[in-house]
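Each remark here refers to the structure printed beneath this line.
Going by the order they are written in, the chains are A, B, C and D; count residues from 1 in each one.
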Amino acid sequence: MIRAAIVGASGYSGAELLRLLAVRNDVSVERVTANAAAGQRVDAVHPVLAGEVDLSFEALEPDRLGDVDVAFVALPSGEAMKVVPALKESAGRVIDLSGDFRLRSVPLYEQYYGHPHTAPGLLSEAVYGLPEINREWIAHARLVANPGCYPTSAILGLLPALQKDLIAAEGIVINSLSGVSGAGRSAAPELSFVEVNENVRAYKVGNHQHIPEIQSVLEQASGRAVSVTFVPHLVPLTRGIYTTIIADLKVSLTETELVQLYKSAYRNAPFVRVVRQIPQIRNVAYTNFCDIGVTIEQRTGRLVVISVIDNLIKGAAGQAIQNMNIMFGLPEDTGLK
Amino acid sequence: MIRAAIVGASGYSGAELLRLLAVRNDVSVERVTANAAAGQRVDAVHPVLAGEVDLSFEALEPDRLGDVDVAFVALPSGEAMKVVPALKESAGRVIDLSGDFRLRSVPLYEQYYGHPHTAPGLLSEAVYGLPEINREWIAHARLVANPGCYPTSAILGLLPALQKDLIAAEGIVINSLSGVSGAGRSAAPELSFVEVNENVRAYKVGNHQHIPEIQSVLEQASGRAVSVTFVPHLVPLTRGIYTTIIADLKVSLTETELVQLYKSAYRNAPFVRVVRQIPQIRNVAYTNFCDIGVTIEQRTGRLVVISVIDNLIKGAAGQAIQNMNIMFGLPEDTGLK
Amino acid sequence: MIRAAIVGASGYSGAELLRLLAVRNDVSVERVTANAAAGQRVDAVHPVLAGEVDLSFEALEPDRLGDVDVAFVALPSGEAMKVVPALKESAGRVIDLSGDFRLRSVPLYEQYYGHPHTAPGLLSEAVYGLPEINREWIAHARLVANPGCYPTSAILGLLPALQKDLIAAEGIVINSLSGVSGAGRSAAPELSFVEVNENVRAYKVGNHQHIPEIQSVLEQASGRAVSVTFVPHLVPLTRGIYTTIIADLKVSLTETELVQLYKSAYRNAPFVRVVRQIPQIRNVAYTNFCDIGVTIEQRTGRLVVISVIDNLIKGAAGQAIQNMNIMFGLPEDTGLK
Amino acid sequence: MIRAAIVGASGYSGAELLRLLAVRNDVSVERVTANAAAGQRVDAVHPVLAGEVDLSFEALEPDRLGDVDVAFVALPSGEAMKVVPALKESAGRVIDLSGDFRLRSVPLYEQYYGHPHTAPGLLSEAVYGLPEINREWIAHARLVANPGCYPTSAILGLLPALQKDLIAAEGIVINSLSGVSGAGRSAAPELSFVEVNENVRAYKVGNHQHIPEIQSVLEQASGRAVSVTFVPHLVPLTRGIYTTIIADLKVSLTETELVQLYKSAYRNAPFVRVVRQIPQIRNVAYTNFCDIGVTIEQRTGRLVVISVIDNLIKGAAGQAIQNMNIMFGLPEDTGLK
């Protein structure tokens, strides 16, 4: 029995972790923290979990987390790094869902996140938790940095093409559309129903904090300098990331060869489906799958990749559990299919 | 040229007033107030109005509103009554969109609104601004209390049946569904997209402040004691009120007779359409119409009335302008068709 | 291992059955039929199931269904009764999700469904598959008529009050709001996105085929003559039924007593949650729960019950599996929590 | 008084034309055709127009359209070209909203539209009705080809940058998101609410019929060979086009200079607003505006342009009326603000 804690469990990722872990017989969620909701029952904050989860939130004391085997940290970036060092001591393993341990470079972090990094000593040790790249490293990690939702879709969409040197590594365009749950549980006026419904808006054009994450992970995995233009958009749906990638092909190949190459690259990845139809969010919603479709635009010789996930599952809680499974030597898809 | 001011113009009703008045050649909006947005241009707060409205918000000084013929007050209930007395002195006429002057009874107001009434002296003078009932009174009013969105749909749906004594006045059931803009421009967490989308929830069951408004207006118009059960629901759309009313028929008549009776009751009402198909919100959205459909349930001998409006137009800004037209001797539908 | 077949598996209920059964180790879906999709792989029609279900649709030959223990029938009303008699012979047990075997009265069926009943001999044998009423009968049934989505929410909301004789059995008002998936997978113009989005519309006012189902089941369970007014509405969401019920209380009791009475009535029902907060669809979406909230309107002495389900799960596929569990002697909630 | 006819008025663009023309005192819609709805009242098909439009649909006889000054053609591509030649004889002027007369090249048309062109003789005469480029030509045109919705947003977003030679004309990436009304009034299963809601999907990747329209119009206006990658996506909203364009800057300039350049290019265009905030669909919905925002991504030296319209207004009916205004010597914005 894996004893788990969830730190910062009052938000959407926390709720999703609780929901996905509730069905497991081999995992027991022992403690859930949420400072603002301390003392409240979990099902008072997440009524959907009534009858499924019988726990109450407690305030976080990171150095006294007690006897757990793994702590999931679902705090905002900037908050997570304040507690992860102590958690790493008190819990056996830590899976951090924030952006705090995904970049190796402190200056890049501080440039894009806009505040100092207070635990730089852990950056070199943290393993980027994208199993399709780092399965081996994750298996032995003590601290996993769970990938961002946009990077998960973008990196999985680009990885085979970059690794096989099919495309120019510069000038890549990534347009992503995100459901609103990606912004977290928030009362921000711009996330109110009336502002989002029947609307679309781009945001953080050219300066989103996921840009260095996408670039550095792709560089590390492909051994090439990568430069992307990334434009995220908010669209009126609750869940899902829809990422459309355009890149210049450097080689001549058929669409069938391309599909085979992608299928081959992901032959051991139980949650990546290389599909022949154009991907749709509804095919991955409420699942841990990433659906990828690849097309060659004959007229321009460009590659068009579409990569789709559920931002709360493969983009957050599901991938965290996938990482946990790997860390504890379980089949990677336990509890996720 | 009618010179108008809009007090509290940074919300959804204020924006709608500005939009509807911008097309008028016979009305000039001279001043717009919004304390929190004072100094900002209107199109910075309402970008949809860029190129249409060339004004900036100012802070409200109710006793120095300057030379206007009519002031629209689009403040929340509780705030409006603080400024209406002074506005009535400085402006020629006041149309108040809040709930502060709709009830004649101070105790009822205080029971349902939960705070003291600070301008009770104006209650007897205020005219309830539902043109289909009070056209004559509105024409001579100095202070018009613009009806609530739910009451507009419910009262128009019930009025002919009550006035003709077709139905029992007790035991009426009113189920209403509202778009989210009815809750105002707000950052409340329960109005965020993720909480509203793919969701429905009833609220204020049995104690909504529109209950005494519906009952007292119907009592006054029909001369009978009226009792309703009213359940409002929030549904995932931006605009619209869908009201389904069930009442016990006391007389025997055919559906055709019923429709004729309703049509006859509204023969002089340019914005009430008695329709043969079941009403839909999309048929009234962005219009000042109220669509009403009436059916007799043969099995139970009950009347089913469905009454539908756009909550921001017939339920707020459009009706306010309809009232202004009447107060200034213009054709009632000027600028509204 | 329970060997199952799903007849008519290309629609939304069929997809949901496949999804929910795919996680079971103790159930094997052997065959799936869909005449229009015969020969196609399941994941070509339901791409969400790629990697989860490895089956192809076949055309239905009801008398040669082969070696299965249970057949789920997810055909439209009128189609189901053509194949159920033969299926009952070839499969051990049949769970029919259509309306064809829910009413005992042939004339009532023909009045409300608008076509003749072609298998009236099975009506007396079919067990109405609402476990909260008929658990014992279901356990021994060969043919289960799975309840309609509206009736599931309405009956569960009314049952305790009627059985304890708290309310008048006549004059009950049931207003229901349904997500669009309840209408099935259809290309009807009135179900297109543009017609449904930002819209609400009532339909089949006073003559919906679920009226006799609600009334007759409640009459049987309570021993009283029941009469309801039922108004269904289509609202812009994919999943969920929101049912608001109003009835006249005959006795005096407190809200706390009322809640206790409901909790007690459902103490052995693992999927009914009597909740203190007002129910919301989002709390039951993607679950087999029915959430019920009860309130007394003090002013009118009326009972307001709100009862909420996911129409595809507790209102269709989930309840069908719950019935299967009971029929095969398994814990009722196997694979559903 | 301009006497107008609308050919094919039962769809969404037809309804929008009727709604926008109903408020005009200087235009009289004399005839509306719709073969499938011939004989029906307009408000039976478009209930929103009840009380606004008092006309019935008739079957189209293009050579006997009678005494009108202008005919709007709102038929699908492929249908329009069958009737436009005769209409041009019977009516004084024709504004065609289909794609049939937008391309000069018959082979390109046939490649992208998939059927032969039956009226090639009119192609050289037709004027592409984008007033911001062709105002002078439109003024004297007898046949105006009203632009597509995607091309309107894309061309207006790219035009100043191409004309001033700021960007590379090859390798431009255009990602567009469209509301569902852009697909027309249709019962296609993939446009049903359940398939579109909570979903996103790209379609016609690399082969959409608007690609040659965008390229050829930009080539003609800029005098350069233009090549674009265009990926259209369907998103869950009713109205709106959101177009995000990425191009390589060839020159060095500041964002302020860029904005000034765009403002200057559109200084005489009453419906193009160059905005400083990131554009949003809700700011242009139900208007004839195109909002354009421009940004320079410093890291990559790329231009990001976002261009947003209401697909039914600036992308169809509104632009058609703007063209009519120009053709009849009226102020361009008559009836559109």
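Note that in this section a residue touches a chain if its C-beta (ideal position, glycine included) is under 8 Å from a C-beta of that chain, and two chains touch if they have at least 3 such contacts.
Note that the structure is predicted; figures quoted are calculated from it, not measured.
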{"item": "A-B or B-C, whichever has more C-beta pairs in contact", "value": "B-C"}
{"item": "Furthest chain, CA centroid comparison against chain A", "value": "B"}
{"item": "Between chain B and chain D, centroid-to-centroid distance (C-alpha), Å", "value": "36"}
{"item": "Distance from chain C to chain B - Cα centre to Cα centre, in angstrom", "value": "39"}
{"item": "Cα-centroid distance, chain A relative to chain B, in whole angstrom", "value": "46"}
{"item": "For chain B, residues that touch 2 or more chains besides their own", "value": "195, 197-198, 236-238, 280, 282, 285"}
{"item": "Pairwise touch network: line, ring, star, complete, or other", "value": "complete"}
{"item": "Chain B residues within the chain A interface of the complex", "value": "12, 180-181, 185-189, 191-198, 236-238"}
{"item": "Contact set on chain B toward chain D in their complex", "value": "22-23, 47-48, 50-52, 198, 270, 273, 275, 277, 280, 282-287, 289, 291, 337"}
{"item": "For the chain B and chain C complex, residues of the former touching the latter", "value": "171, 173, 175, 177, 179, 195, 197-203, 205-206, 211, 227, 229, 231, 233, 235-240, 242, 244, 246, 248, 278-282, 285, 295-300, 302, 304, 306, 308"}
